[in-house]
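Input: structures, listed below.
One chain, chain A, appears in both complexes that follow, with chain B as partner in the first and chain C in the second.
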Partner chain A sequence: MSETSPLISIRGITKSFGNFIAVDNIDLDINEGELFVLLGGSGCGKTTLLRMLAGFEKPTSGTISIEGSDMTGVEPYARPVNMMFQSYALFPHMSVERNVGYGLKREGVARAERKKRVDEMLEMVELEQFSKRKPHQLSGGQRQRVALARCLIKRPKVLLLDEPLGALDKRLREQTQFELMKLQDRLGTTFVVVTHDQEEAMTLATRIAVMDQGKFVQVGTPAEIYEMPQSRFVADFIGSINMIDGVVKSISGNTLTIHAESDDANYTVESNDQIEIGDQVSLAIRPEKIHVDAYDADNNSNPSEQKSDNTDKTDNRFIGTISEMAYLGGTSTLRVTTRGGRVFQVTSTNRKRHLTGKHDLDWDDQVEISFSPSNAIVLKS
Partner chain B sequence: MYGKRSKFLTTCLLLGFTFLYLPIILMAIYSFNYSRLLPVWGGWSTRWYKELFNSPEVWQATLLSLKIACLTATIAMILGTMAGIAIVRVRKFRGRTLFTGMISAPLVMPEVITGLSLLLLFITLQQTIGWPQRRGMTTITIAHITFAMAFVAIIIQSRLTSSDRSLEEAASDLGAKPFRVLFDITLPMLAPGMIAGWLLAFTLSLDDLIIASFVTGPGSTTLPMLIYSRIRLGLKPDINALATVMIGVVAIVVLIAGLLMYLQARRSRAAAKAEAMDS
Partner chain C sequence: MSHRISDWLQSHWKEILLWVPFAWLLFFFLTPFFIVIKISIAEPLIASPPFSALLEWGDGLLPGVSATIDNYAYLWEDPLYVKTYFNSLQIASVCTVFCLLIGYPMAYGIVRANGNWKLILLLLVMLPFWSSFLLRVYAWMGILADQGTINDVLLWLGLIDKPVRLLYTEFAVYVGIVYTYLPFMILPLYANLEKLDFSLNDAAADLGARPTTTFFTVTVPLTWPGIVAGCLLVFIPATGEFVIPDLLGGGNVLMIGRVLSSEFNANRDWPVASAVAVVLLIVLVVPMMLYHRVQAHESNS
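Our next item is the complex of A and B:
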């Protein structure tokens, strides 16, 4: 927690619709200048939380304060926040210019000043030449920029964005992501973004809150969320991951040996958590953290056996067969079935160019996969 | 499906249109009939049009009907829109379900019952508070508003339910107080529905014979009432002429509206094309 007081502070906020609890007793602080992302599947309560910040939903209990002043009972039009809607909600009967200027007009800004600021804003989002158009005469990306300009012109303390890139196609989305970040950096406005797209969350966020069933499952930086998930849900939700269930067999220092029943294999992993021998845990390893090598049966003297008790070498090594392979250009995704029968998903970077389309690795090839104990994660829940 | 249209379908289409429009065409033709007897052809003439222009009775009835229809349509549009907004947008208020049910009751109520009950109401009012002093245009208009409003409310309700709530939320988010949101966003959004409601109320009022007959008083004869009474006394062809004039006026209005809509569509298509050129 930072020394300055947080810009937004949420305490014990709960929202229920009848019997359904959309947001369940959440505490959260968001600091000035953050780009905070609420990430979760549909129905996890992320949008409800955002709408409570905007004032469209009244919390069942709990308080929200912005800049230290309590927002309970403050109507949406009086809050120092602006929201960009998923549908953009551009007023269809107004031109781009009037859409963008609407907030200032309601503030009572004089016509000349308003025109100046609208022009500035349109210039910033590169839409000067479209000022007289109606929203239906714009493309999806242009509409998104109008919606953004309309929110930003009021210079809000906090900008709330509901799936800001959801309606754009993939190419435009990537480009817009960076524009959004640049803009946020330049203006210093605090952004709170709701998204279900984990890639988008990783790219944009300074901090992510992963939500499930109205609760925060984990809050942290993108790297923390990705590299140090605290639960199976988070590990599974963000990126792909190989999950191995097993029992802790031995502990030496911070190195654990985990025995998995299903493929009767031992795995070594490093962990600083409080874990006892006999605990039921899951070992999680990201596909790109597994090393894959072509395996030549003739040159390996001791290939098939895993070096299980060798804690200084520490590599988890397994021999397997490529049972599936997907070529994605820059990388390939492999599914390797080990001799124990476990399937590992492995990402390998295609460093060399193969003009013939023939790769080092191919279907049904024998390979050796390995990963370092420090790269795996132990999850208790 | 994309080949030649089948002969069967074309025949069906022609028969359908004939059934719809032949009576109207016949009526228009007979309005130029010289003969006084309706079904006897006596050669072409504009005699009944002249007679129509010289018949104060018909003009008075037409004028009264139009006045009532305009008033009804305007007031029913305002009240119906308010009712529709109250049903959809205003969060829970006491008796909302009852209100919603009652607003649509006139839709299913037989007209004779509506007419009779309103007549009783007006008589009671006259006896207790002395208003309305005489039954006539005022009472007919009030009666028409009562049932036309229900239709407007239904139109507005359906348009509001299918509309994007976030537009109003966005306006409120940008600093507009509820009343401003209503005038800046909700009403412009509802404008097509309100126009449709106005037109519907106008036609309903212009059409109505039964309710008007109940609540009218001496000297206030609307056009449908006049035509109906003439049928009983024997129809004169000047009614044909009047109907033809009305159809002509309606056709011209529809044509102009269609033309305007076509021009607007072409303009926005052109703009879209221009944008495609830009990028």
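Our next item is the complex of A and C:
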């Protein structure tokens, strides 16, 4: 935590609708200048939490304070936050200009000053020539920028964005992601973004909170969330992962040997967690962290150039067959079935061009897969 | 041959379909209207029918035309008619405003009510249509009479010593018209508010607008077509209303519908009655054109 007090401080916030608890006793601090992403599936409570920050929902219990002042009982129109709605909620009867100027007019900003600031803002989002248009005469991307401009012109302390890119097509979404980040960097405004799209979250966020059933499952940087998930839920939710259930058989230092009953195999993994022999654990390994090499059954040697860094005896090496393969251009996703019968998902980078259409690796090829103990994650189940 | 007919039907069925209601209106609206215009420029006679013919077939080849604008001149000269027109417009305007003031919050409430309640409330708005309009006006006579429900309750409460005159006053006419035409205000407003995206209200609040500002800058402009439709649906029939001023207003309230009726029935002066009707129509065509323009505007955007 930084030495300065957090910009947003959420303490024990709970919101229930009848018997349904949408947000369950959440504590959170968000610092100034962060791009904080609330990530979760539908109905996990992320939007409710955002709406409580904006003041549209009253918390059942708990407090929210912004810049040290308690927001309980403060109406939405008096909060130093602005929200960009999922549907954009542009006023259909007003021109772009009047939509953007609406918030300033409510503040009582004089006409000339208002005009100047609206023009500046429209220039920033590159919509100067559309100022007289009505929202229905704009494309989806343009509408999104109007919505953004309408919020930012109020110079809010915090900008809340509800699925900001949800209504855009994939190509535009990727482009807009970077524009949002640039804008946030330039203005220094704190952004709180709600999304269900993990890729979007990973790209945008300085920090992510993964939500499930009204609770935070894990809060951390994108890298922490991806590389060090603290639970099966997070590991499963973000990216793809191979999950191996087993029992700890031996411990030496921080190296554990885990025996998985289903394929009767031993796995070696490093962990600094408090784990004892006999514990039920899950071992998780990302598909791109598994090496795959062609296996030469005759001399039983590995021709791979990466040999040097994983020839250690404790390596997790398994012989298997490629049972499925998807060529994705830059990478290929393989499913390798080991002799023990376990299926590993493996991502391999296609470094060489395959002009003949024949890959190094192909269906039904014998391969050797391996992963280093430090690349696997141990999750207590 | 039959092939040709079916082909023709195939390619023109849309036009045919549109022509049916059009022909209906042409025949059943325009024909009587021209008859009324014809009578309004005739002279009254003590005969059957009680007016002179427009065309006199004499010896010549062409018929002689006898038309007069005396009836219209008479309406203009007699201050009673001018006053009655203005009185009708005034009563209709005031009733329209009251219907809007009562109807808008009701429509808003119905739209914001949840599922089952919404249905029940809408049903309650339409419930009066299930009984005769005349019957409901008679019921109001019972409520407003000197020995009626309101006076009975006020007497019983000791708030008054002798009955207050309610029936056969302008007040009774206002009550009757507002009561009768309220559903015609609520239903178009409901239809309009129902389509309204309430996240716009949240957006306005988020941008710093207080609830009243939000209402006047977002909700009202977006429901304007509903407001105009509701107002015209109340104003137009209320101006020509006959039953309510006749039964609840007695002889004390001058409205053009009653004057028309007495010219026609009591005085048996069909030409003047027709002139009254034609002028009323012209007076009402203006708001009707307005309605049309707003509707056209709405369907454009």
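As a working rule, the second predicted complex is superposed on the first by the 368 of 381 C-alpha atoms of A that agree within 3 Å, B and C clash if a C-alpha of one lies under 4 Å from a C-alpha of the other, contacts with A are read in each partner's own complex, and residues count from 1 in each chain.
In this text, a contact is a pair of C-beta atoms (placed from the backbone, for glycine too) under 8 Å apart; a residue touches a chain by one contact, two chains touch by 3 or more.
These numbers come from a predicted model, not from an experiment.
Partners chain B and chain C clash in the overlay (superposition on chain A).
Applying the stated contact rule after C-alpha superposition, one finds that A:Gln137 touches chain B and leaves chain C untouched.
Contacts of A:Tyr102 after superposition: both chain B and chain C are touched. With the contact threshold set out at the top, residues 54-56, 75-78, 81-83, 85, 87, 89, 91-93, 102-103, 106-107, 134, 136, 150-151, 154 of chain A are in contact with chain B in one structure and with chain C in the other.
On the side of chain B, the complex with chain A involves touching residues 164, 166-167, 169-177, 180, 184-185, 188-189, 268, 271-272, 275, 279. Contacts from chain A toward chain C in the complex involve residues 54-56, 75-78, 81-83, 85, 87, 89-93, 102-103, 106-107, 134, 136, 150-151, 154. Residue ranges of chain C in contact with chain A, taken from their complex: 197, 199-200, 202-210, 213, 217-218, 221-222, 301.
The touching residues of chain A, when paired with chain B in their complex, are 54-56, 75-78, 81-83, 85-87, 89, 91-93, 102-103, 106-107, 133-134, 136-139, 150-151, 154.
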